[in-house]
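There are two complexes below, and they share subunit A, which is joined by subunit B in the first and by subunit C in the second.
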Partner chain A sequence: MITLDLILLSILLLFVIWTVMTVRLVHAVVGLALTSAILAVIIYRLNSPLAAVFELSVCSGLISVIFITTVSFTQRISKERFIIRRRERLLRFLYLPFIIIVAGWLLIKYLRIPQFSLPSAASVTDARLVLWHLRHLDLLGQVIILIAGVFGVVVFFKETNK
Partner chain B sequence: MVILFILLPFILLLILNLPFKFLNARVASFLSAVLFLTQVFSVLVHSWLHWSNQALILGQFFKFSLVLDPLALVMLLTIGIVVFISLLVARSTLTTEKRYFNFINLLLVSFIGMNATVLIADIFSLYVFVEITAVAVFVLMAIEKNRFAIEGTFKYLVLSMIASIFILTALAFFLMACGETSFTGIHNAFLAGANIILLNFAAALFLCGLFIKCGIVPFHGWVPDAYSEAQSAVSVLLAGVVTKITGVYVLMRLFISVFVLKGNFGNVIMLFGVISIVFAALAAFNQNNIKRMLSYSSISQVGYIILAIGCATPLAILGAVLHFFNHAISKSLLFVNAAVLEKKFGSTDISIITGLGNQLPVTSATSLVGLLSTAGIPPFIGFWSKLIIIIALFTAHRFVYGGIALLTSILTLAYFLYMERNVFFIKTQEPGQDKERVPFGLKFCEILLAAIIVGAGLGLPFILNSQILRGFLRS
Partner chain C sequence: MSPETMELFRYFIIFIILIFITGVYCILVSFNLVRVLIGLEILIKAVTLLIILAGYISGQVALAQAIVLTLIVIEIVIMVVAGGVVFWAFKYTKTIDPRRLSNLRG
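For the complex of A and B:
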């Protein structure tokens, strides 16, 4: 099964690189959505189905929709600038594959993960119980951060429209 | 009752946004000022805070585990004062009422974030509230939407996200090694010694994240831009408390009372502290803009606090806490002075605004108080805090660090006197271009902060004997 994990991680890495390297914003958003989808599979394989569902629905779904909506307000890049940008970006990140290969080789050769006697994961599996009984201060935090986000939108966009 | 420090501002935030016409910027400002001052006074008369939450029946609904120890009390006091000052500065410097109303709301969000950060006893919730503070401050920094402020915000945002990556990874390791994220659980895991490599690795990652949040050298790239380009009231807030609470306080709390670190961790922290002290003091010399000079000075002063935390003797920790308070108040004062100059002359460039001593007697006098306290000149509070840190270093046989800290104080005095001489003391032929009158609110802030610095300096024996600091030394 370790082979499947390695394949998934390699695909993840490819999508991440594509997301960063692509010039078109829509392609970057699609790359991000695919990255999240693969990440959701990895999380699912790590026995956290609920986190995987959140990752898939929020990061891969909702956020992609918001990004694509935003991108739809922008203008499409011209063909000439697209070619120039692509060349610039490739030249700027020419060293990236080299670093990945060297880092991977160093990790395989030298990294020895020590054996740990880790405590077993919490037995409570119902997320509602965890949220309402154990982490309700974090829930309050979520509400406050949403309020901060609303004010961010008001400050940056609503005032400008006026 | 401690829970009220989080719930009251939250309730006020909700009330202010109810759809009633009378809830305008003026009412919001008044209610927020009352809330901030209530926090200051409730900390000063703090015995009632130890009542159980059950007294208000709140405990049945909100079962948060919060900690109110002497360290938290000092932090709450500092937050209350600086946020109040920031509110008054914004009143005089923000351009529209609508913006001021938005500013108050975001200020309340950051206030809740900082209060919760100080009181929480769980490392994951701590991270959540540190981020809440940061998100509110990102928006606040760009509230006037000028190009440079947005650039400063962007730098802060990017580096803050990098810090978050470090901190989140560390949190995952803590959860993995301890099975929980409460302070007690992590502390016990360190004491038990199983998985100590993993715990130390997580602590090191956390430390990297906190160094970025503290803005110390070499992670300081965002600080000068953020402090100098933000709106004046936000500069006061940022330099006064935000980076101190989200970075320095968290470092202090975790590395003193939660993590049990052996070996070279203390030395590494001290090394970064001393590099910050020296490098930032030297960099401050080259600045022509007062706000940028103050930003570098801030990095240098945070270095002193970090140095004392690394030393970790009880005396050093007392020095760190006192210097935290001193730095928050005196840096707020100096940024208020900068706000006055910006308001009156539209610039904080030392080469443009010179010889203002006669035109701005209050600003001139109070800036002298602020800079002398920062440089560590008696009888101001800054003198005592630096003296305690240096004595603590010498008694811990850290002679080199103590010597460098002492010598850099002279450097601090030198660049501040250079600024003071140019801006206030030089006699110029032509008076500076008078743009606007200085609002009373700003003058009041200057006098209040200067009075705190002088009062705390002269009354230090009483302060040391106060219940808060006695409790601190005992703990």
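For the complex of A and C:
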């Protein structure tokens, strides 16, 4: 079981690194969507199907659409500038794989987690019941944040009359 | 906690730290606002995984899922509004390079 989790986590890390290092913005957005998809599988394996569905549909789908829309508004650069940009990016992101390898090696070698006592398992096992009965203030916060977001978008995309 | 769960926890923590490092590096090194948002998104992914892992280890899976649902809603709103900011910045300055967005510098 741990082996499959390790493989999934390695794929997740590879997608994250590819997302960060790729030159084209569209490729980065696709990498982010794939990262979300793999994360959804890992979350599902950790007994959290509801969160996995939300991660897959919302983060992998909706956020990718938002990013693609934002990228589509920007201008495509010329081939010469693209080559210069690629060289610049390569120089800037050259250190990332080394940092990841060194940090990974140090963590594997030195990270030791001490034994700790765990709380007793929760009596309510349904996330919907927790959200409606125990964390109902979270729902109020979510509604307020959504309204704030809607107002923000309305302000940004408001057409002004000249 | 069983040794196998402990080992699983350790591996997850290592990978979460590595994903977090990648996200921070992306934010620090990028000169493109969309890439900064992508870095922020990667950081949120690491935190999501950490919360779900904590719920799995402690047996509070339902609570962890409820918190992650709230996190996803906040993430969406942040991305939509930040996408609007990027679009607005590009519309008025024709660039999404933060080094050239110097109108507010005081």
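Here is the rule we go by: the second predicted complex is superposed on the first by the 155 of 162 C-alpha atoms of A that agree within 3 Å, B and C clash if a C-alpha of one lies under 4 Å from a C-alpha of the other, contacts with A are read in each partner's own complex, and residues count from 1 in each chain.
Just so we're on the same page, a contact is a pair of C-beta atoms (placed from the backbone, for glycine too) under 8 Å apart; a residue touches a chain by one contact, two chains touch by 3 or more.
Nothing here was measured: the structure is a model prediction, and the numbers come from that model.
Judged by the touch definition given at the top, the superposed model places A:Ser36 against subunit C, while subunit B stays out of reach. Counting residues of subunit A touched by each partner, subunit B versus subunit C, the larger count belongs to C. Of the two partner chains placed by the overlay, subunit B and subunit C both lie in contact with A:Phe156.
In the superposition on chain A, contact is made by A:Gly141 with both subunit B and subunit C.
When the shared chain is aligned, subunit B and subunit C each come close enough to touch A:Leu118. Counting contacts as defined above, subunit A residues 116, 118-122, 135, 138, 141-142, 145, 148-149, 152, 156 meet subunit B in one complex and subunit C in the other.
By the touch criterion given at the top, residues 2, 5-6, 9-10, 12-13, 16-17, 19-20, 25, 28-29, 32, 35-36, 39, 42-43, 46-48, 50-51, 54-55, 58-59, 62-63, 66-67, 69-71, 73-75, 92-93, 96, 99-100, 103-104, 107-108, 111-113, 115-116, 118-122, 124-127, 129-131, 134-135, 138, 141-142, 145-146, 148-149, 152-153, 156-157 of subunit A touch subunit C in their complex. Residue ranges of subunit C in contact with subunit A, taken from their complex: 1, 4, 6-15, 17-19, 21-23, 25-26, 29, 32, 34-35, 37-39, 41-42, 45, 48-49, 52-53, 55-70, 72-77, 79-81, 83-88, 90-91, 94, 96. Touching subunit A in their complex are the following residues of subunit B: 6, 10, 13, 62-64, 98-99, 102, 105-106, 109, 112-113, 116, 120, 122, 124-125, 128-129, 131-132, 135-136, 138-139, 142-143, 145, 176-179, 194-195, 197-198. Considering their complex, residues 114, 116-122, 135-138, 140-142, 144-145, 147-149, 151-152, 154-156, 159-160 of subunit A touch subunit B.
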